[in-house]
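Below are two complexes that have chain A in common, paired first with chain B and then with chain C.
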Partner chain A sequence: MRGTLIYIGQRLVLIVFTVLVVSFGVFFIVHLLPGNAFVSDRVHGQALQILLHEYGLDQPIPVQYWNWLTGIVLHGSLGVSLYIRGLPITPLVLRELSVSAMLGGAALIITIGLGVTFGVLAAVRQNSWVDYLLTTIAVIGYSVPSFVIASLGILIFGQWLNNLTNGVIYYPEPWTGTYGTLAELSVPAIALGFYTSGQITRITRAAMLDVIQQDYIRTARAKGLVDRVVVLRHALRNALVPVTSILGPTVISIIVGSVVIENIFGIPGLGKEFVESIFQHDYNVTVGVFTIYAVLIGVANLGVDLIYTVIDPRIRY
Partner chain B sequence: MATAITNPTEFEYAGGTVAREQVSLWRDGLRRLRRNRLALTAGIYLILLVVVGLISLVWTPYNPNRIGTCETYALPGGGHPLGCDDLGRDSLSRLMVGTQVSLAVGVATSVIVLLVGVVVGLVAGYFRGPVDAAFSLLINIFYGVPPLLVAVALYVLLGAGLVNIIIAISATVWMDMARLTRGQALSIREREFIEAARAGGARAGKIVFGHILPNALGPIIVQATFVIPVAILTAAFLSFLGFGVPPPRADWGGMANEGLPSLQGGFDPYILLWPALALSITLLAFNFFGDGLRDAFDPRQKR
Partner chain C sequence: MPGETLGLVGESGCGKSVTALSILGLVQRPGRIVGGKILFKGEDLVRMPVDELRDIRGRDIAMIFQDPLSSLNPVLKVGFQIDEAMQAHDKIPKDQIERRGVDLLKEVRVPDAARRANDYPHQFSGGMRQRAMIAMGLSNRPEILIADEPTTALDVTVQAQILELLRDLNEATGTSIMLITHNLGVVAGLCKRVIVMYAGEIVEQGPVEQIFESPQHPYTWSLLRSIPRIDADRRERLRSIEGLPPDLIQLPPGCKFSPRCPYRIERCFRDDPQLKEVAPSQEAACWVTMKRAYAEMGAATITDTRPGAASGVRPPKGVAAKVVDARTIDAAEGPVR
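After this line comes the complex of A and B, so read on.
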């Protein structure tokens, strides 16, 4: 237990270090970008200098970074928006984070559900048509870009089925509210989750095939356990260990994919904000979103490593 | 089975009279690759794709950038088998030209990643200690940020352009290669023949590039082929978000982006459909081909 705590501590230090490096790197990059947030306002000369001074943009970059950092640590503030001048970023970004988290969470559930189910089915029926069908779906899953799946979803649910059923089945688009209804969430979440489910199917299948050949499975069968119990209780639990190892990359894939999906469906989340902030030269928002993503990925990876110990008690830190 | 044998070497082998012909690792791998029909089909498709890309350099049915070649939103048919886009540009011509960007990004990124990843991995794995610690920390930091966002930031910093896209994508996908090579170097450097080379007075450079690298080449090449679809996908994401090659040049991600409004509006899904299909099939082919290569040249690795 003490070892685990020390391990978590070390990991947290590494996360903090990574977040610091990443945020400084991004801070540095966005301030090197040509143009500034006030270009569209056609402010020039002295007026521009006054504006830059007001937002502290005339100071050297390290000084600006230090101010930004102390702002977070002391006030929990990520600064103010430069595009919508003076708007505090923190509440805005946190609201968008909750929207993205809802979408990403739904996609994660779909990904793991689909991936593990398909993987187990394919392994149990190895070399049958079920296996071939499911593995083919898996390869298609991680080859077809998520925006293609999303477009297909819009085409099928938003148009074809809508016309066919005279509007009974209708996929509304774009999102109207902040959080969206369950129906509005469905197509984006599936489009987002389908891509990563392919990799999970693949790994689950390979791991299940590995486990099923082992002696304790034969023992379980020999003592007369029903197939379902053998597969779900005995085999799946051990097969989940390698599956857990790609949960970290899966979360990163979903975060990356959400940027594209949110822009297609007009979902007011972090990914949409990121792209807009780049186009609007809204530096503080860009840096803020980046920092949140870095924290998110660090925590997700740590969480995955801790899930290991739950699934496989042999693993200790 | 005996009736089906037509190849004399196979006959001898089956009869057990003659020892199997000695083949190099590469020829052995090639033979395994040729037996994999899926990988072979994918390979043929990719060769065709390269041919289309080369043809499009000198000839396309219409000028891909000429506005008003036919009616805007013209559906497939007549002189325009794939129809026209929102500006009346011929979709087939644009699709052909788009091949260039995807292939260029995929191959160039793969080469850059190969060079950077292999050098970093070999150096970190061979010298170990503080060098390894420094590189590993760097790799971990790069793993800590979502790759697409880094690519966007770099792209905006460097400015629009094909070369900058390649640099931006390379910066986000080199880590897997470095980590793989490092692991290989770590394990190979402990083997006897490396010790023998060192005892014989070989210098570090000779050991790393003359002894370790050739023995790690199989998995490295397999990894390099998997970089290609990842790079093409990332490039498509980038240009779909509006960070692609500058217009009017056609690329698949950008074409899909331009087609999205007419799909959402519900009047012409084809503008988006063609680049989406082209991208999907190409990525599928690269993945199948990569799988085949891995099974052929890196049989010990299981996934």
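After this line comes the complex of A and C, so read on.
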């Protein structure tokens, strides 16, 4: 137990370090991009200098970074928007984070739920039509890019079945605070989770087929346990160990995918904001969102490592 | 027979494990039982529907295996795995299961049983894991416990302890034990009756002392000669059996042991001998039997155990190709599969 706490502490330190490096990198890059936040205003000369000075953009980049960092640490503030001048972005970003988290969470549940279920079914019915069907779906899942599936989803549910779905995947702009009902989330979440679910199906199936050959499964049968218990309690519990190992990459896939999906469906989450902020040279938003992604990925990987210890008692930190 | 101890002996690869697994219908795909009968209380287990067979597994006939580490589920607590065997059947009242689980661990001499029940298999030593397997096997008070080489994976001192434990439990609980092993010494220590298998078939069976005293099948005889003995004459070399057991998929015609048998006669290559009574309650499947081998071929003094050495019979033409002995294969084709 103590060992685990120390381990968590070490990992948190590592996450902080990674986030610092990543955020500085991004900060540096976005400030080097040609153009600036005030291009569209057509301000030049003296007026531009005044604006730049007002937002501290005339200082050397390390200094700007230092100011940005102290703003987060001291005031919990990600700074102000340069596009909508002076608007504090923290509340905005947090709201968008909650939308994205709902989408990503739903996609993760779909991924794991579908992937594991398909994998187990395919394995216990190995070489039957069930196996072939589910394996085919999985292959389609991880070979068709998520934006293709997303476009199909829009076509089917947004256009053809518009009456039926009552425009369920239509997201009014600007945001009115009514996003995130389950029905609204379902199509984009499936589009987002489908790709990774294919990977999980494949790994679950392979792991199950391997585990079913093990001696302890024979022991479980020899005890007189019914097949359901043998498969779920004895085989699946062990098969989840390799499945857990790809949860980290899965979370990353979902985060990256969410940027694409949110833009296709017009979901006002972090991913959409991220892309827009780049075009608008809204430096603080870009860096802020990217930093949040870095934190999410770090924490997700730590979470996966902790799940390991629950699933496999042989692993201790 | 209740309380009996039966040994099933044969070389590695002769089909002992498969025989034991088929009793409970646990032969792995693509393997399957193509024929024969396994009678338990007058019912044929081979033809029994899988639902009924499942009720027998673990409740009436329990089984423990060679490698106790791989036989226990690594992600479940040992105590839970034992309790689970009882929960699968309704022989033990639900409210007694947990206490009985700990009691069983005590019974098989796992120290500090109550605490150890909450451990995972990797926290147990090899001997303790096998004790836990035995506890699991006995948890439903089965009539028969099949132990497939329960000591092969353990070191010698632990082997002796496990065998002693099995003997004590057999006496205390009246559970019959079917011990599978390739070690006749183990059989001598634990069993009253013994079955000798060769190439998936019974070649000799009878009471242990009788078989040790006067084996009638040349295979049994060779097995006995291959046990190291402390009291043996130093000059007498330990004899291993020449050659390898046959491929069970492609069996030779006639007696399965004929390619390796020192006492074979012409007939052995043609006709497959059936089990016959050779002494009171002792049966052997052999055309010659050791009685005759001693009388006619001087088995008492023979030192050459190569195929056909005693009788001088060579395999008939045509059979010869299949009946190569192991050394020839080694030389010609590299290691045998």
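The definition used in the following text is that the second predicted complex is superposed on the first by the 298 of 317 C-alpha atoms of A that agree within 3 Å, B and C clash if a C-alpha of one lies under 4 Å from a C-alpha of the other, contacts with A are read in each partner's own complex, and residues count from 1 in each chain.
The rule we apply is simple: a contact is a pair of C-beta atoms (placed from the backbone, for glycine too) under 8 Å apart; a residue touches a chain by one contact, two chains touch by 3 or more.
Since this is a predicted model, take the numbers as computed values, not measurements.
Please tell me, clash or fit, for chain B and chain C sharing chain A in the overlay.
Superposition result for chain B and chain C: fit.
After lining up the shared chain so the two structures overlap, which partner does A:Gly298 touch, if you call chain B first and chain C second: first, second, both or neither?
first
Look at A:Asp312 in the shared chain and tell me whether it touches chain B only, chain C only, both, or neither; answer first, second, both or neither.
second
Which one hits more chain A residues, chain B or chain C?
After superposing on chain A, more of chain A is contacted by B.
Is A:Thr219 touching anything from chain B or chain C once the two structures are fitted on A? First, second, both or neither.
second
Regarding the shared-chain residue A:Asn238, is it in contact with chain B (first), chain C (second), both, or neither?
In the superposition, A:Asn238 touches chain C alone.
Between chain B and chain C, whom does A:Ile255 touch in the aligned arrangement: first, second, both, or neither?
A:Ile255 contacts chain B only, not chain C.
Check the superposed model and tell me the shortest C-alpha distance between chain B and chain C, rounded to whole Å.
Least C-alpha distance after superposition: 9 Å.
Spell out the residues on chain C that touch chain A in their complex, using ranges where they run on.
The contact residues of chain C facing chain A are 21, 24, 26, 28, 54-59, 62-63, 65, 67, 70-76, 84-85, 88-89, 120, 122, 133, 136.
Quick check: in the complex, which residue numbers of chain A touch chain C?
Spelled out, the residues of chain A in touch with chain C are 213-216, 218-226, 229, 233-234, 237-238, 241, 311-314.
Under the stated contact criterion, what part of chain A meets chain B in this complex?
14-15, 18-19, 21-22, 26, 29-30, 32-33, 139-140, 142-145, 147-148, 151, 154-155, 158-159, 173, 202-203, 206, 252, 255-256, 259-260, 263-264, 274-275, 278-279, 286, 289-290, 293-294, 297-298
Across the complex, what residues on chain B touch chain A?
Per the stated touch rule, the residues are 140-141, 143-149, 152-154, 156-157, 229, 233, 236-237, 240-242, 256, 260, 263-264, 266, 269, 272, 276, 279-280, 283-284, 287-288, 302-303.
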